[in-house]
Amino acid sequence: MEATQAPHAVGQLTQWAAAAADDPATGGGYFDAYSTVGLLAVVGVLFVAVAFTANRLMRPVAPTPEKLLSYECGVDPVGEGWAQTQIRYYVYAFLYVIFAVDAIYLFPWATVFAAPGYGAGTLVEMFIFIGFLAVGLLYAWKKGVLEWT
Amino acid sequence: MHLAYPAVLAALLFCIGLYGVLARRNAVLMLMSVELMLNAVNLNLVAFDVWLRDTLHAGQALTLFTITVAAAEIGLGLAIVLMVFRSRGTADVDRLRDLADSIAPPTDNTPDSAPDSPPSQDADPVKGKAAA
Amino acid sequence: MNAVLIALLLLPLLGAAATLVPRAFGADPAVRDRRALRFATAVTGLVLLLAVALAAGFDHGNPGRMQAVTDVRWIPALDVRLHLGVDGISLPLLVLTALLTFLCALYSTRRLPDGPGTPSPLAFTGLLLLLEVGMLGTFAVLDLLLFFLAFEVVLIPMYFLIARWGGEGRGPAANRFILYTLLGSAVMLLGLLLLGSKAGTFDMTALATRHGAGLSHTTQVIAVLAIGLGLAVKAPMWPLHSWLPDAHTAAPTVGSVLLAGVLLKMGTYGFVRVVLPATPDGAATLAPYLGALAAVGIVYGSLACLALARPGAKGDLKRLIAYSSVGHMGFVLLGIATLTPTGINGALFANIGHGLITGLLFFLVGAIKDRYGTADLDHLAGATTATGAALYGRAPRLGGLLAFAAVASLGLPGLAGFWGELLAMFGSFHPAAGLSRPAYLVFMALAGLGTLLTAGYLLTVVRRVCMGDPADAPRLAAEPAGTTQQPAIADIKPYEAAAWTPLAALTVLAGLWPAVLLGLSDPAVKSLLGGG
Amino acid sequence: MNLLDALLRCVAALAAFLVIPLVIGQTEHKVMAHMQGRLGPMYAGGFHGWAQLVADGVKFAQKEDVVPSGADRRIFQLAPAVALLPYLVVLIAIPLGPNGLVGQVVDAGLFFVLAVMGIGVLGSLMAGWASANKFSLLGGIRTAAQLMSYELPMLLAAASVAMAAGTLSLPGIVDAFHWWWVPWQIIGGFVFFTAGLAELQRPPFDMPVADSEIIFGAYTEYTGLRFALFLLSEYAGILVLCALTTVLFLGGWHGPFSDGLGWLWTLLKIFVLAFVVIWLRVTYPRLRQDQLMRFAWTVLIPLSLAQLALTGIVKVVIS
Amino acid sequence: MTATTTPHQLADLAVANPGALIQSVDWVAIAPPLIAAVAALGILVADLLLPARRKPLLGWAAVAALALALLALIPLRHGDRATFCLKTVAATTDNGGCSYVADHFTLVFQLIALGGALLTALLSVHTVDEQRMPAGEYWFLLLGSATGAALLPASRDLATLIIALEVVSLPAFALVGLRRDRLGGEAALKFFLSSVTATAVMLLGVSFVYAAGGSLHLAALADGLDHAPAQLRHLAQAGAALTLVGFAFKVAAVPFHFWLPDTYTGAPVPVAAYLSVVSKAAGLAGIALVTTLAFRPYAHTWGLLLAILAAATMTVGNVAALRQRPDTPRSAVRLLAWSSIAQAGYLLVPLAAAGYGHDGNPLGATAAYALIYAVVNLGAFAVVAAVGRTAAENRLDDYRALFSRRPASALALGFALLCLAGLPPGVVGVFAKVVVFRAAVDAGLGWLAVVMAANVVVALYYYLVWTAKLFTPQATPQPQAQAQAQPEPQPQAHRMPAPLSAAVALTAVGAVVLSLAPQLVLQVVSTTLF
């Protein structure tokens, strides 16, 4: 459904959007900061690439089957490397996703709540929000999710 | 920036996601595909928001909500997948046929998922309920 | 006055509700059942008394006017009013309904189908009373949606009567009955809604007064098609009749009686009450088709009966009477299709006549089936013997009554069956202006042929069942336990006599003094047809 | 924006990225040695072994690069770069001094910094997964769990500062700083710094790379330059953490004569914090995995929530 | 906004005009969902503090909270409250700029949501206990979902709408799987995956619509779509269609229905009841809001779309229901599941009519039908839940002769089924259908009305067969003795738990009362809802 629809629609959008592209708010200026960041990232990648290339020239290459074996206390490895691990870890991933996403509301709010027009009411609202987080945490705690058994 | 870039990117992402949902049979991969779709939507929303110069920033606000929704969905989804995996040892949605419409005479248990699932105590809901 | 009509509907409804009250009839099953049946008789009797009172209080000088009118708001949102009333068209049908229901209840106190798998008579009582509510309601309401509702109310109890107390093949028969009629009534509802929403009111009297004004021809035709379909299924019109034989064959006696006696009339009544006055243009357009189908139905019904009556055809007597109903109702429909007062009066008369006669016939056949254990004509008559089953000889009064009902049914002058069919054919001879006369003459000729065939099969039946020498009557494998020896077919029992005599008497009365009914219906019909 | 200017800023950032971590590393050698009553490296380069880390680097560069046969080759090779580069990118957004002495002002810089730092965890996860080694996998998963657990208090503490300053821009935050913010935000600062340490898997939060237990966690299979990059990323991480703590909680360039010497104040504060990091390594024993997790969820997060509340109340009261 | 990236730019972005954003909140207006939400949270906390033997209290607390939330609807009965309003949003209607409007439409659907949740709660008081589901979580999730269902009909902007929809759905996924057994997991996973995909598709549609209309407020969106440049028309239409797809999943309209039977059968029966009524009503309210308010300019497009959906939904639902075998495990719930799909088809009819009609009030028909459907369907589920306690397999065959064992339950179920079928004596069911038919006929959707008529007849068959089964005497124990391998369920079935009886009684009395006085419900047909 998308494949047929989207390009068509986008084609039309572009015509209309052409004017908007010149606008400073939507156009070039906004992205300058990030273009520098991008440049730095490129520089970083270059650095790593150069380092590895140089490394390739300098290092010996003499693989043997023993050398390429996975390391496991000095004896030959037993079984697969990708073993199943304790599920416990997953719970933390879980908690994190839930809580961290809540934090995205915090940042926009944090920058404006003291601005004129918002006031204490906004603060209370956020306290309620934080209260939710706290209840969630309390819940997880009491249910023993945070215990490492 | 031209609106076309984010819009096309979003469309591509969404298509990939949709393909993933339709083609993949592993529940976790399907979940990931759905996330891809949602993020395509986010991209769309933010791009349109900027393009419309919406003073309310409704698109951005909705993006925040979408992110939250996506997080909640993924959290819940993984929990459900995990539960299914624990009870049957597979996360392949095509193999979940216990509840499928059985026009044929009822068989007592599902033959296809029985071998690889350890007979856990509460695997059989009927038994479990009867005990309760 | 209007309290009577409300009480008429409320009484059986409350009675039906009372059967749901736990332990209202005592805890002991046997006692409970007996009480329940007596209760049914009492309630239906009371209803009959009320109906008679209603008829007595009816202003016979002015039967074209709605009387005993109640008109209160019920569902303002849908513009549904609790609008009740009777006129010369509905009054006879109301009385007939009350009478037949009472007789059925009376009959059932002694002779209820039982055996393994039949539920308790308590449930029977509830269903019978509910059925009566629906039947009476159909004839008493004056609001399209209420009419539909009442039309539908009868379905569930009748379904259960057939499916629970019926004979062989009752499950499929009941399903078929309800699916056919419901499909019809669903389409009918659409038609009613179309009519109501285009005309702006659901009130039947208002619609009749308006006489189709403000409705476009297309609307009228569509409305008539849709409404007519629902009514035709119920009537039943050929080729929509095929639920009827199965339903009758499987239904218990009481069910058959009410089905034939009342339920079929609801369809034809709907034509007269709703279709003709509210959408005259549409009706005029479609009337020839209706007439044609009716004529085909008459012939078809008779031929089917003839085929069933043949020796060796394994014809079921109940099925035969059911088919004969198709033919008889064909006369009614033909009368309606003429769009003339004569034809419609005839149709209404035939309605009543058929209700009385066929009700009686089904009672009789039910009794025969009880005694012989089967209603298979070949079994009854003995497949090989040329002579009949000798019912005259073994149970003279029963046989006599059966012969009486049969000849009444075939339209012997002087009995109830005669006038309706005669008038319908008269109407067909002079159809309303704008209808094709030649076509109607053909219909009339077909109808005449139908009367001949009807006489043929009914007489065959009488010959095969009633006549013959008792000595070499066939031995029946399924003799009921009570009748151990060959000639000991029980004759009419007192309770049977009580249930049947009124019907027979009224058949004679209506045949001899048709003016009673026609005087009632004629002014009403004329006013419905727009003073014509 | 001038391309040359931008390039210059990038090169400067790269230079800082390559030099300062080495300095911190060398400092660690010496400080640890002194704290433990030993000499530490003394020979390379002559004066107190100043070139030790350079020598180490040369050694790593000359070593064979082994990729285990069972490994997921591509990912295995890519992992060190993924672990390293985010810290480089982050550096450019950190203000050194007033009046635009910063690699690049990124609006919503706080967001940017925290988000990019989050990518670093991928490197460890990739390494742990791709090695096809049980220890590595375990280490990788531990890393992930730990990073996730500590990311949250860190975010919340950072949010508190953003509330106080009313902006997400890093220079903006430093601009808005007053001395009394230090006591006001002290809890947040503690949470942030602690959580940052845990994110870096520095002792005492080094369970994921506990060499005595799971050899070296995600990095077990790594040799040569790739291993060196992981090491480099750890020290770059220390730099970034200390710099962020400085900017957010310690006022960055604020201090006497800050107009001219602001950048010096920033560097000084960074080095003091780096010293603390080293100090902690020497002082505390390693936490157990369960203690590690519980500490995050039951101590740091409630603390950071409390700090948020405190910040909000004070902010509303004074405005 | 300037090109320079000042340090405070984000702050500028956020504070467009604080005065327009901050307003006082009408607490009375938002009380119904708020009470449910607070109760949900309270129960979650209380669950942590209560000792195990006091856990049953939680259920009663949930019931009380829902009853309270229902009471909170009373002050709103005039239907003129709105809150969270923005004066800056351009809109033609009075409450166009408001995100939360408590008009009559809202009230009706909140009544369904909260009332349905209340009945579900009554149904589940014993289920939670018997199936050893975690009490705190169960009640929290139920109340949470009810909150969303109560919020949804009140929301008048797409963001709130979507959040509300998710608040309905997410706890529902968990509720389905809360038994943590094989079937529950499968049911939850299927439900989850299809629903989540639908949400993503819907959000894509929303983003398109937003691009074309320039707002998320429904009223403003309609204006925006009206004046959208021609190039964007296709985009907007695609967006509208995709948005509808998302809601169609929620109401399980064909072809987005496949998850439903599996989910209902795998879920605990009260949860299935909840899904079939409350969740479905929420989706329906969403469709109604989106189509009639936001997509008004494209009325003909979605009108036809919904008409086709409705026809397909009822047909597929009924045909599949016909094919159910009475002897398979869980066939009772399965039949109800398919029947609920069919009913969803009927519910969509007036909405489709709204796309065509200019006069009349088709939405009222949907609201009325939904109300009636809620009562009778919950009634059916209540009895099914009661029977399920003794007959674990819950086959249709287990309902044979229910009348002789439990007359009251059998009568209640029979009445509910007749109401669902639309047959007297279930008068209210008849009038529900009449209302829907009328909406279709008024809008000139004759073909849809005929399709529906045929479907009503088809549906009648399976409802009636089931009803008949209730009164069929028990066959003498024969070959199917193995089905009754468990000793006659009779002895342990002596008493129904009080809350379950209460639920059965409430719905049955409700259905009977409504049958006597349909005006109570049908008055919504004659009032303008918005």
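Read from first to last, the chains carry the letters A, B, C, D and E; within each, the first residue is number 1.
In this section, a residue touches a chain if its C-beta (ideal position, glycine included) is under 8 Å from a C-beta of that chain, and two chains touch if they have at least 3 such contacts.
Nothing here was measured: the structure is a model prediction, and the numbers come from that model.
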Separation of chain E from chain C in steps, with touching chains one step apart: 1
Maximum centroid distance from chain D, chain identifier (CA atoms): C
Which of B-E and A-B has more C-beta pairs touching across its chains: B-E
Relative to chain A, chain with the most remote C-alpha centre: C
Chain occupying the most central position, where position means C-alpha average: E
Centre-to-centre distance between chain C and chain A (centres being mean Cα positions), rounded to whole Å: 79
Whole-Å gap between the CA centroids of chain B and chain C: 60
Whole-Å separation of chain centres (CA-atom averages), chain A against chain D: 17
Geometric centre distance via CA averages, chain E-chain A, whole Å: 37
Contacts with two or more other chains, residues of chain E listed in rising order: 5, 10-11, 14, 204, 208, 211
Of all residues in chain A, the ones touching two or more other chains: 1-2, 9, 13, 25, 28, 30, 32-33, 100, 108, 111-112, 115
Interface hub residues of chain B, defined as touching at least two other chains: 14, 18, 51, 72, 79
Touching residues on chain A, where the partner in the complex is chain D: 32-37, 39-41, 43-45, 47-48, 51-52, 54-56, 58-63, 65, 67-72, 77, 80-83, 85, 88-89, 92-93, 95-96, 99-100, 103, 106-107, 110-115, 119-120, 123, 126-127, 130, 133-134, 137, 140-141, 146-148
Chain B residues within the chain E interface of the complex: 14, 17-18, 21, 27, 30-31, 34, 37-38, 40-41, 44-45, 48, 51-52, 54-59, 61-62, 65-66, 69, 72-73, 76-77, 79-81, 83-84, 87-88, 93, 96, 98-103, 105-106, 122-126, 128-130, 132
Chain A contact footprint on chain B (complex, rising order): 1-4, 7-8, 10-11, 14-15, 18, 50-51, 53, 64, 67-68, 71-72, 74-75, 78-79, 82
Chain C partner contacts - residues on chain E that touch it in the complex: 368, 403, 407-408, 411, 418, 423-425, 427, 430-431, 433-435, 437-438, 441-442, 446, 449-450, 453-454, 456-457, 460-461, 464-465, 468, 471-473, 518-519, 522-526
Chain E contact footprint on chain A (complex, rising order): 1-2, 5, 8-9, 12-13, 15-16, 24-25, 28-30, 32-33, 108, 111-112, 115-118, 121-122, 132, 135, 138-139, 142-143
